[in-house]
Every structure is written in structure tokens, then in C-alpha cells.
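Read through the structures below before going on.
Both complexes below contain chain A, partnered by chain B and then by chain C.
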Partner chain A sequence: MGNRITIPFGSQHVALPEPIRFVFQTENEKIVDVEVDVGYVHRGIEKACMTKFKYTQVGYVVARVCGLCAISHTLGYVTAVERLMNIEVPKKALYLRLLASELDRVHSHLLAMGHLAEVAGYENLFMHTFRDRELVMELQELVTGNRIQFDYVTVGGVNRDLTPEVEKELREKLKILQEKCLWLKDVFENDYTIKLRWKGVGVITPEMAIELNVVGPPARASELATDVRNEFNYLPFKEVGYKLITMKGGDIYARNMVRVEETLNSLDMLFNILDGMPEGDIKVPVKGLPEGEAFVRIEAPRGELFYYVKGSKKMVLDRLRIRVPTFANVPVMKELFIGMDYADVPATVISFDPCLSCTAR
Partner chain B sequence: MKVEEVKVSLRDVRRAIKDFYDPEEWHFITVNGTDVGGRIELKWFFTKYGEEEAFKVFTAEANYDDEIPTLTYIIPSAWISEWELADLLGLNVEGAKKGLFLDPDSPKAPLRRG
Partner chain C sequence: MAGILKKATFSDLLKRMKVTLKTMFKPTVTVHYPFEKVKPRKRFRGIHALKLNPDGSYRCEACYLCATMCPSNVIDIEMTEGENGEKVLLDFTVDLTRCLFCGLCVEACPRDAIVMTDIYEFSKYSIDKLILHKDDLMEIGKYYQKWERENKE
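The block that comes next holds the complex of A and B.
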């Protein structure tokens, strides 16, 4: 038994641009205990949404919870309010939401894949992934007006229609992106260095995934067949070729491959969305005030996002609760570190694609 | 949406959830607290794996100074939601540490009314 050494990871660490702090107790570089702090960027967004903003403005405020998955936050909020107020959203608006949601998943998954390559010391692959991600960022700007943090979805529909010119460019660039993602899949799946570095590292067993209520790609990489797109009817995923993807292994490699496969599935869905885009309105007028409570689940790129909304016929909500996927995955991360080599920590943390901006809110 | 809501007293909530919870069948989402004026309404949300929009919700009410029983004996991942309750609503949750979400100089219990 060696000397016990305390090693802090964060709050600022080269592996992760967001502030999270783990304090590891190690013996001979094996982790024996860990403490976690996730609250560096608590901004009081829930409180602000219950005091300062009208319910019609909250959708734009929650888009600021996270730049990357802004669409999921707004979708979660507006879906809850629409259910509370019995608002029937036009079919075309649902398809446009679906389009923005899957574009967002593609860019978020590419970001996670790139970061993971970077922490494996694979700079070249990181740059390739981020270069290809640029294509989807441009498409998001074309569709929503912003590269990230888009205010696209609103209560009752969406804020912008798709023009024929944008649709043409979407089809062209998505085709290019699909080819590039197939190449990336080949590298991530078969590269010797990656397999050697990630296989068998940071393993979440199926039992752990169930016991610790893991969500998102980390759950599906551990054979847990859970995806909100399959379990909550908030957008017509099943009409556009959605596939539930699970893997065996539960390691960093499997978590990354789930994201690779989901990216390709999202790209297929995007073509089907464009082919099947219905005609009609993109928004309905909203009247009245929310009364009662509603809760929804959304599959954000990182996993299950939960929104709880409570109103009492006032312009300002009584309660807004946001439970984000990284928050749900912190307990398994903490558990996973015990017994791990300290050198495997950065890649394991990044394999969860953690978002602290979401977690702290 | 299929929602089964079960109202229980605070002292019975752990037993009620223990009797119902099968981790292979049910996914624990979170526990939420809402200040309803002088009291906190607590809701524990569960959803069924693989089934569309099936939920079970346990509801209990607590006074500000009541001790909230922890569920970590039954659901080990519940600690983070419970620590959040302790921080943001200032509740006395069994075994919860304060300071995970708030700095020492932050306003205390920001999600309480008033």
C-alpha cells in the first residue's frame, strides 16, 4: 500500500473547457476516493424564470442554460407549456423542430467525438472532426439564424420557415457531411491507437447503468435500451427513420461509437425530414395563461432532459425545474472513478460529454 | 400520457418507494421541490423503461424544518437530487451536504418564496 496523495482535477483542466472539480485520493496512482463540485457556474436560471420573466419569454431564457443543446432546453419548456395549455402545434412546425433538434445532435456529437480524440492525444483526428462539424454549424445558422444558442422554437411553433434556397443548401451540405461522417466512423471504429486507448477503460457495466439510473449515450453504450425519443412522444421521430442504438462494452470506445452511429442515424433522419416536410403553418397564436403542472422528457444529445412546469394562471410561473443529463450522470461518474488509474480520468470524464453549464444552471 | 400519482406522508415515502421500485423496470428521474407558501411540495418522478409516457409520481409535503428522508439506500444515484434540494430550497435532507451548487456567500435557499 502506497502513500495516499490528493490530486485535484479542475476546476480548470486542459481536458475540459468547463468548470468541474474532482478531488481524487490516490494510492499508487489508483483512485480510492473522490469528491465532486459542480456548482461553479450556478446562474439562478430557475429562480429567474419564476420571478423575472413572463412564461412567453422563458423559452428564450432556458435557451441560455446551454449554448450547445439550446434547442433541447427550449423544446422541453415549450412542450411542457403546450401540453399545459392544450396547444396543438402544426405538423410542419413539428418537422422543423425535428430538423433543428437533429442538426443539434449531429453538431454536439461531433464536438464530443472531437474532444475525445483530443484527450487521447489524437490532435489530427480532433481537427478533422471539428473541421467537419463546421458544416453543420453553417447549416444551423442557415436554418435558425445562429450557429449555437438558437431561439428557433417558440410556444405554438417555430420562428422561421424553411426557404427553398436553404433547403437546397441543406441537402447539398448534408450529403457532404454524411460522406465525411462515414469516413470518421471508419477511423473511430478501426483505428488501432483508439482501440488500444479506449477499449476496456471506464467500463459501466449494465448492472451499474441500471442501478445508477444512467442516461443518454453512456447508458446505451452499456446495453441499457433507453432513449427518450423512443419513450416520449414530443416529436415525430418514428416517422423519419429513428433507430434505437445500443452497444456492448460500456467503455469509452462504446460510448463514442454510440455517438458515431447516432450521428449517422440523425443524418438519415434529416434527409427524411426534408423529403417528408408537410405544408402548412409554422406557428399558431397562443392565448391564455398556464394553469396546473406538466412535465416532459426530451432526448438532448447528452441524454434525458426533464422539464417540470407549474403555473397558476399568472404571467409568471410558480415553478420551473430543469434536470439535465450530466446532472443525472454525475453519480455514475463518481462511482466509476474508484479503482481507476488516475491517467484514465480525463478521457473517462470527456467520454460522458459533460456539460457543466447545464448542470449548474 | 399515463401518470399514476401516489400521495404519501413524508414519514412513509421511503417505505412506499421501496415497496414499488424495481430498478430493472423503473427509471428514477429526479425529486423536485416546490415552495407552496410555508411548505414544500416534494415529488419523486419515475418512468418505465421502454414504455411510452408511463410515469409514477410520489408526492409528499414537508415543512421547512422537517427532515427529508434520503432514498439513497434504495436508489444510490438519488444523492445528487437530494443535495440540490438541500442547497436550493434549504431543506434538511438526511445525509445531504450543502454547498454542491451554491458558494458559501450565495443567497441561502434561493428557490424559497419571498
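The block that comes next holds the complex of A and C.
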């Protein structure tokens, strides 16, 4: 038996894009105990939404919770309020929301894949992935007006329409992007080094996934068929060729492959959305005030995002509660680390694609 | 068996070196920022500007719609009553230190008076220069109207 050593990992670490803190107790190279602390970027957004902002403005504030899944947060809030106020959103607005949300998913998954390649020590692949991601960012600026904070979705519809020039450029760029993503898939699937590094590391068994309530791509990587896009009816996903993707294995490699496949599926869906774009208004006027309670579940790029909204005929909401996917994935991370080599920790953490500014809010 | 053969012949390594060689002779994709700039898209939301009518009068009627819509109280309007009982704009303040650049004020404006330009470089050495008053906004407005004429769809 070796000595027990305490190793702090984070809150600032080279392998971590965001501040989370783990304190590992290790015995030689094996981890025997771990503590997690997530509250480094608390900004009090929930409280601000309940005191300072009107319900029409909250959608723009919750978008600032997270940079990568900005559209999912706004979408969650807006859907909840629309259900409270019985607003019928035009079909075209729904399709435009779908377009923005899938573009967002592609960009977020490409970021996750790139970071994962980086922590495996594969700097070139990281650069390649990020170069391709730049294309999606440009498309987002083209459609919504900004690269990251879209402010595209509002209560009752969307803010900006799709003009023919924009649509033409979208199609051209998406075609290039699809080729690049297919090439990336080929690399991630067949590369010997990546397989050696990722196969069999950080395995989540299906039983473990059910017990600890894993969400998002990590859950789908361990054969758990859970996807809110499939279960909860908030956007017409089934009309545009949505496929549920699950993988066997549950290791880092499978999680990455789920992301790759989902990116390709999202690109297919984007083409279908552009082909089947209905005519009509993009926005309906909103009257009245929200009353009652609503629960909404949204599939953010990282998993199930949960919104609870309560209003009582006032301009300011009574309660807004956000539960984010990364928060749901922290317990399984903790479970995984025990008995693992310390050297595998960065890759495992990044394979969950943690978003800590979401978690702390 | 195939795996061992793959390992022995370094076929993966050769494949990767091919990619490296290919990219080596391609032009670089990065932009040398302060010297070269990427032009923002038409829908980009930069700093605010106030537009003027063709005869030089203010478009803004001090209706306070933008100020009420703003999520973070960026806009502050001062107005008085004119001779014939109409509203006269005294000052229009945009506090860029608080702005989210969400574009709600632009959508709220019924007369297309407040707009968002494509300017994204506005860092200043002191905070009070980031609070734009009426005259600054008019100056930017002139720039914007020129830009608008050039970029007509």
C-alpha cells in the first residue's frame, strides 16, 4: 500500500475549459476518493429573473446562462411561457427555431469533439475540428446576427426572417461542412491512436446510467434510448428526419462517436428544414400575462434541460427554475473516478462536455 | 491479424502525414486581426446609432418604447414639451457598459430611428467615453446611413 496523496484538479487546469474543482485522494496512481465543487461561476440569474426583469425580457437574460447552448435556454423558457399563455406559434417560426437549434447543436458537438481530441494529445485534430467549426459560427452570424449570443427566439415567434440570399449561402456552406464532417467521422472512427486511448476508459454500464440518471450523449453512448427530442413535443423534429442514435460500450470512444453521428444527423435535418420551410408569419403578437405553472424539457446539446416557470398574472415571474444537463451528469462522474487511473481523468471529464457556467448559473 | 499488420506498417501514421503535407501547402485560414479584418454580416448587431430624416431633423420622437423594452436599462431619454405641445428630444443616452446587444430596442422602435451598426471595436480608455450621448449617436448615424446606402439589398 502506497501513500495517500491529495491532488486538487481545478478550478483552473490546463485540460479544463471551465472552472470545476475536484479533489482526488489517490493511492499510487489509483483514485480512491473524490470531492466535487461546482459553484465557481454563480451569477444569480434565477433570482434576477424573478425580481428585475419582465417576462418578455427574461428570454434574453436566460440566454446568457450559457454561451454554447444559448438557443436551448431561450427555447426552453419561451416554450414554457407559450404553454402558459396558450399562444399558437406559426409553423414557419417553429421551423426557424429548429434551424437555429440544430446549427447550435452542430457547433457545440464540434467543440466537444475538438476538446476531446486535444486532451488525448492530438493537437492537429483539435485544430482541424475547430477550423470546421468556424464555418458553423459564420452561418450562425448569417442567420441570427451574432456568432454566439443569438437572441433569435422570442415569445410568440422568432425575430429575423430567412431571406433567399441567406438560404442560398446556407445551403452552399452546409454542403462543405457535411463533407468535412464526414472526413472527421472517418478519422475518429479509424484512427488507431484514438482507439487505443479511448476504448474501455471511463465505462458507464447501462445499469449505472439508469441508476444515476445520466442524460444526453453519455447516456445514449451506453445504450440508454433517452432523447427529449424523441419524447417531448416542443418542435417538429420527427417531420425533418430525426433519428435516435445509441451506441454500445459506454466508454469515451462511444460518447465521441454518438456526438459525431448526431452532428451528421443534424446536418441532414438542416437540409430537410431548408427544403420543407413552410410559408407564413414568423411572429404573432403576444397579449395577456402568464398564469399558472409549466414544466418544459428541452434537448440541449449536452442533454436534458429542464425549465419550470410559475407566473401569477404579473409582469414579473413568481419562480423560474433551471436544471441543466451537466448538473445531472456530475454524480456519475464522481462514481466513475473511483478506481480509475489519475491520468485518465482529464479525458473522462471532457468526454461529458461539462458546461459549468450552466451548472452554477 | 489485420490489426497487427496495421501496427507494423504504420499505415495510420502515413495517412496522417498525408493530411499534414496537404495542409502544409494550403494558404492559412487564420486572419491577422488588427491588420486584416473580417467584415461582419448584414445582420450583425454592433453599437447603436440614431438616424436622421433627409431634412436633418430627428427621427426619434421620444416615445420611450426602446427604453421600456431594454432588459438592462441601457437607454435613457430626456425630453421636454415644445411650443406646439409636441415632444422635443433633449438627450438620448446609450450606456454601452451595460448593453447586451440583444437588438430589442431596434425591434421596438416604430419609426426606425434607433439602429445597430456593424461597428464592433469600441474599447475606450475611460468609462465615461462609453456612455454615448445624442451627438455621438448622430455621428454614428451618419456613418450608418452611408453604410446602408452601399449595402442595399
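Going forward, the second predicted complex is superposed on the first by the 361 of 361 C-alpha atoms of A that agree within 3 Å, B and C clash if a C-alpha of one lies under 4 Å from a C-alpha of the other, contacts with A are read in each partner's own complex, and residues count from 1 in each chain.
In the analysis below, a contact is a pair of C-beta atoms (placed from the backbone, for glycine too) under 8 Å apart; a residue touches a chain by one contact, two chains touch by 3 or more.
These numbers were taken from a predicted model, which means no experiment stands behind them.
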| item | value |
| --- | --- |
| Chain B versus chain C as contact partner of A:Val61, first or second or both or neither | second |
| Partner chain(s) touched by A:Glu27 [first = chain B, second = chain C, both, neither] | neither |
| Superposition-derived comparison: chain B or chain C, residues of chain A touched | B |
| Partner chain(s) touched by A:Asn213 [first = chain B, second = chain C, both, neither] | first |
| Partner chain in contact with A:Asn124 - chain B first, chain C second, else both or neither | second |
| First (chain B), second (chain C), both or neither touched by A:Glu304 | first |
| Chain B versus chain C as contact partner of A:Asp341, first or second or both or neither | neither |
| First (chain B), second (chain C), both or neither touched by A:Tyr192 | second |
| Touched partner set for A:Gly44, first chain B, second chain C, both or neither | first |
| Interfacial residue positions of chain A with respect to chain B in the complex | 36-39, 42, 44, 46-47, 50, 83, 210-213, 224-226, 230-233, 295, 297, 304, 306, 308, 310, 318-319, 321, 323, 327-328, 330-332, 335, 360 |
| Touching residues (chain side chain A, partner chain C) in the complex | 53, 56-57, 60-61, 64, 124, 128, 131, 134, 138, 141-146, 149, 151, 159-160, 163, 165, 190-193 |
| Complex contact set, residues of chain B against chain A | 1, 23-24, 27-30, 32, 34, 43, 45, 47, 49-53, 55, 75-77, 79-81, 84, 87-88, 99-103, 106, 110-111 |
| Residues of chain C touching chain A in the complex | 6-7, 12, 16, 19-20, 29, 40-41, 43-45, 69, 71, 100-104, 107, 153 |
